[in-house]
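Chains: A, B and C, in written order; residue numbering restarts at 1 for each.
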Amino acid sequence: MKKVNLLGLGAGLLAALSFTPEPVMAQESTLDIVKSRGILRCQVGTPAPGFYSLSDDGKWSGFDVENCRAVSAAIFGDPDKIEYQSVTSAVRFTAMANGESDMLSRTTTWTLFRDTQLGLDFTTVNFYDGQGFMVNKDLGLTSALELKGATVCVLTGTTTELNLTDYARTNDLGITPVVFEDSNVRDSTFFSGGCDAVTNDKSGLASIRAKAPDQTIFEILPETISKEPLGPVVRQNDSQWNDIVMWSVFAMVNAEELGMSSSNVDDMKANSANPEVKRMLGVEGDLNTGLGLGPDWAYNIIKMVGNYGENYEEYMGAKTVMNIPRKGSVNDLWTRGGLMYSPPFR
Amino acid sequence: MSDTTHSDAVFRPKPSLPPPPNTVGVVGWLRKNLFGGPIDTIFTVVGIWLIGTLLVTVYQYGIANAVWEANSYRECLDTVLPNGEKVGHSGACWAGVAVWMNQYIYGRYPDPEQWRVQLCLAILVLWLMPFWLPRVTAKIQTGLSAVLTFPFLAAHILLGGEAGSFLMLTSSLALALFVTVWLNVITSYAMNKSVGKLVVELTGMADKDDRLHKWVLLAGFAVVFLGALAYESSWDLVAVPTTDWGGLFLTLCISGIAIASAIPSGVILALGRRSKMPVIRVFCTMWIELFRSVPLITILFMAVTMMPLFLPVELNPDKLVMVIVAVCIFASAYMAEIVRGGLQAIPKGQYEAAQALGLNYWKVTTFIVMPQALKLMIPNIVGNFIGLLKDTTLVSIIGLYDILLMAKASGQDPNWLGLHAEPMLFAAGVFFIICFAMSKYSQHLERTIAGGYGRR
Amino acid sequence: MAVIEKGGSSSGSSGKSALAFINDERFRSVFYQLLVGAIVLVAGYYLYANTAANLDARGMEVGFGFLGSTAGFSIAWSLIPYTPGDTYFHVFLVGIGNTLLVAAIAILTSTFLGFVMGVLRLSKNWLIRNIAAWYVEILRNTPLLLQILFWFLTVFALLPSPRQSLEPMTGFVLNNRGFYFPSPQPGDLFFLTAGAFVIGIVGAFILSKWATKRLFDTGQKTPVFPISLGLIFGFPLVVFLVTGAPLAFDLPTLQGFNFVGGGSVPPAFCALLLALTIYHSCFMAEAVRAGILSVSHGQTEASYSLGLKPSWTLRLVIIPQAMRAVVPPMISNWMNVVKNSSLAIAIGFPDLVAVFMQTSLNQSGHAIEIVAMVMLFYMTVSLSISLALNQYNKSVQLKER
């Protein structure tokens, strides 16, 4: 009895293995996959205040999370058909390349290497950041160039680590980096004096300061040592999907420029005479067909997720722990001296 | 030398003197155990000082200066102590831990569905309960059925949604087995006979051939199975994707599945390593040595970075599944060595005697060697489980929301920004309680088993 | 055995005669092996084909060419000198150096502490016995990862900043940037001292062999210990002084933010070492305790009745037998130290996993090659440890016939 079973099992296994077809890359478009699945798999990072944080009732929220919600609203007309995948920064690109996530929206810096050699495409920028240093006021520093021989806390697996090395080499600072995997540990180390300075994107420095027992003793040095254009990422070779994600971000930016917000979009849809508003909200024309979405995709984004400015205020604004002023900064609209600029909806 | 003089000289022991006062009572105990000599005394004093400092520190941080009610970490830090100072980092902020407690335990598993997790735990406990009930027979079968089929039932309950036909069949089988196990328990206690015997008697087959009994029992079980299948088909559970699993529940899930799968695969690998067939021996040895000699963290990295490359894209494997597979592989290699140790402890005479009775390899292994070896291995298996449970915290490094990563996540919640040490201490406490309880239990088992051998 | 097999099958039911060859052990053995071999080959091919297709589809290349390109990131601390301009292969070596250093020291310290704790658990002093027991129970039942974090944060919280450094001895500085110590700068003739040290060790080894032989031949004892001590330390010291003490020390001095000069290890190293030492000492303590308890009391009594002094009893009877039970768990514990040193990643100590499998993998994206190299390294180390100790284990194992 036993023998026969074993033989059968072995033979079955052999047969099963030998008849498995040669693996082929799925040719289906990401949009079709997402539609048939009925849920968007959006990758965010391990919680980082402002951008993506987990609340005590298990909900994700944050500036980058709004990108996921915008895409979900555009496709399904429902901003919450999302399976959030929270992945450590070390394995974020692998998870994308594997097809595990449909899109990635998590403070990821657009670099040439990442755009060309990892099988990924960067869509657009939704937040312009730059790396800086924060130090204890006691040190009496006025410039990052005075950090000669200092110990600097930095997170691994990010461009931050490389920028620090480049900066130290350029200016011959001889900085000793202390590398961390976990931002909580990095911050505790910094607060207890384990490093002279901590380096991160400036938005991140604000959130580190917000954690400190005494916020007044730290100051952010004026230098911005790197450009950190952050934005959502998709897999390479699916330009339709790339367009959907990119134009979802643009829709939020453009809505702000046109004065549309979640509160007045219904009114605008009904009454606006502006042809661009009409085209964008699907009242006129068929701009949606190229994207493969319904006519009210942009309306849904604005109605359910809001415009760029609303989201900025909610997660980065003065009332939040981040408290990063927007007026006149690079993240303001181009009309007000910033870099937020959406191509025309035409 | 006369008789009279002799009788006068009868030995009458004096009543024994009381023991010297410094060897009995409290003083005696202290002298014997704490102040036996100058070195001992120094040790004791240093020991008392150590414990004192430790307790005072713990009390100050954990109780005296701790904040139990607050709405944010900032509030915790700014709470004013009776002496007028702010708490700052001198006291724990347990308020944050309390708010996040549900997440530490269940992860992002939706609140209204958490009864499913509890149900699974309850089923597992009930399933294993017959082990501690002396009058119930078929303990090995009970244990095997739980180890082999419970994961499927749990997967069905926890995942919810539309179950595939494979999961439907296996989980129904599990449910049917569970029901059978408990029917057996009930009949054992109520009527003092096993459920099998009862069924045979009720169908009036008691005087028939043994072979017929088997068919009757099989038919009986088929009825239960079909019932279970029909019942499970009627389930309408909300789907909860594995990305929402987390916390302690996920930790236990990963380590539980790993240890359950490690027992059969460890047995196979260990037998393979002891096999006389060179090909099989070489493969098994390579497997065991490879996965035993690398850190779990590298295996986990392999699982998330390389495994997706190994598998066809259409399979689209879930990250949790890949991590579980990785932990299972890791555990199987360790278990194989434990089983090998157990097998080596069985005297050669047992094999020889069994072979002399005409039993073949599989019969010798299944009926003679394994039962004895398994019994010897139980403490080591529990020890291995403890180790695995602790090692499972490493999944946080690759981004699975186990209790540790949940603890870290709570410190990034804008309300609780900076809450860091407290969740870690909480997690450490949870691990300590679970692991300590298991280690005590395994020590108890070790003694019972040793006792069993001693009596023979 | 074959005879028994036949006997067994002939008592089975009829109708199997056509399949009689199935019961031939040799045939079955060959068949099973072919089957397993085939399954493994097919599975291997299946994985290979998938990988090739996946790599192709993603436009990824496999190859070790990337090892020669510039890494471009800094490493906080390394045993082997390193600059950001070095190659990935150099990073690999740096990682190996750091891992081996921390693992080697942790093995020594945890074994030592484990022996102490194991003996203390058997102490006659009730308090000490219980403290040791709770020490073991608490620390071995909480995850190492948590302990590493705990020590790291505590170490930082307790140590002063560089300007208020602790300096227990001139040249030895402890602050929250690390532990600084004078680094020796050997002069030209220092190699003679080092040579003398090696000769001393060899001499002591030969002496002990000779002393054992003499003991067995003549029954006379030789004071091996003091002579060896003299050979190993005294002789090099004499050479050192005669050659004019050719050794200078580079002392660490406070300059700018921190101390420069001398040698130093970062706090992460200290915390990792502390955590590994303490965690693994618990397992060592358990092994030692079990080992000592495994020697039956009859052995002690028998050796007393032969007239051996208690110290001799311990050294010649109890410890050799206890070691037999201590060594196997010790082997696996040492292997675990090496493996667990990979948790350094959590606190930013640049070990192999952190610099190579984390940072390098991230920068270069060559997952397969990097993971394979790291696994190969750990395998080599673990297997060498287990091989060496198994050899020892064999030599002390009870010879049963």
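Convention: contacts are C-beta pairs under 8 Å (C-beta built on N, C-alpha and C of every residue); 3 or more make two chains touch, one makes a residue touch a chain.
Values in this document were obtained by computation on a predicted structure and should not be read as measured data.
> In terms of C-beta pairs in contact, which of A-B and B-C ranks higher?
B-C
> Determine, using the mean of C-alpha atoms as each chain's centre, which chain is farthest from subunit C.
A
> Roughly how far is subunit A from subunit B, going centre to centre by Cα mean, in whole Å?
Once rounded, the distance between the two centres reads 40 Å.
> In angstrom, rounded to a whole number, how far apart do the mean CA points of subunit B and subunit C lie?
Each chain reduced to its C-alpha mean, subunit B and subunit C end up 28 Å apart.
> Which subunit A residues touch at least two other chains?
20, 23-25, 90, 94, 97, 181-182, 185, 188
> Can you list the subunit B residues in contact with two or more other chains?
305, 308, 312-313, 397, 421 - these are the residues of subunit B that touch more than one other chain.
> Among all residues of subunit C, which ones touch two or more of the remaining chains?
Each of 50, 53-54, 57, 149, 153, 345-346, 361, 367 in subunit C touches at least two other chains.
> Give the list of subunit C residues in touch with subunit A in this complex.
For subunit C paired with subunit A, touching residues are 22, 35, 38-39, 42-43, 46, 49-50, 53-54, 57-60, 72-77, 84, 149, 152-153, 156-157, 161, 176-177, 255-258, 260, 266-268, 345-348, 350, 354, 358-359, 361-363, 365, 367.
> Within their complex, state which residues of subunit C touch subunit B.
Answer in residue numbers: 1, 4-5, 7-8, 11, 29, 32-34, 36-37, 40, 47, 50-51, 53-55, 57, 123-128, 131, 137-138, 140-146, 149-150, 153, 335, 339-340, 342-343, 345-346, 353, 357, 361, 367-368, 371, 374-375, 378-379, 381-383, 386.
> Okay, in this complex, where on subunit B does subunit C touch?
Residues 32-34, 36, 40, 43-44, 47-48, 50-51, 276-280, 283, 289-290, 292-298, 301-302, 305-306, 308-313, 355-356, 358-360, 386, 390-391, 393-394, 396-397, 404, 421, 424, 427-428, 431-432, 435-436, 439 of subunit B touch subunit C in their complex.
> Please give the residue numbers of subunit A that touch subunit B in the complex, ascending.
Result: residues 2, 20, 23-26, 46-50, 53-58, 83-88, 90-91, 94-95, 97-100, 181-185, 187-188, 207, 210-214, 320-321 of subunit A touch subunit B.
> Quick check: in the complex, which residue numbers of subunit B touch subunit A?
73, 77, 88-89, 99-100, 102-103, 107-111, 241, 243-244, 304-305, 308, 312-314, 316, 319, 362, 397-399, 401, 405, 408-418, 420-421
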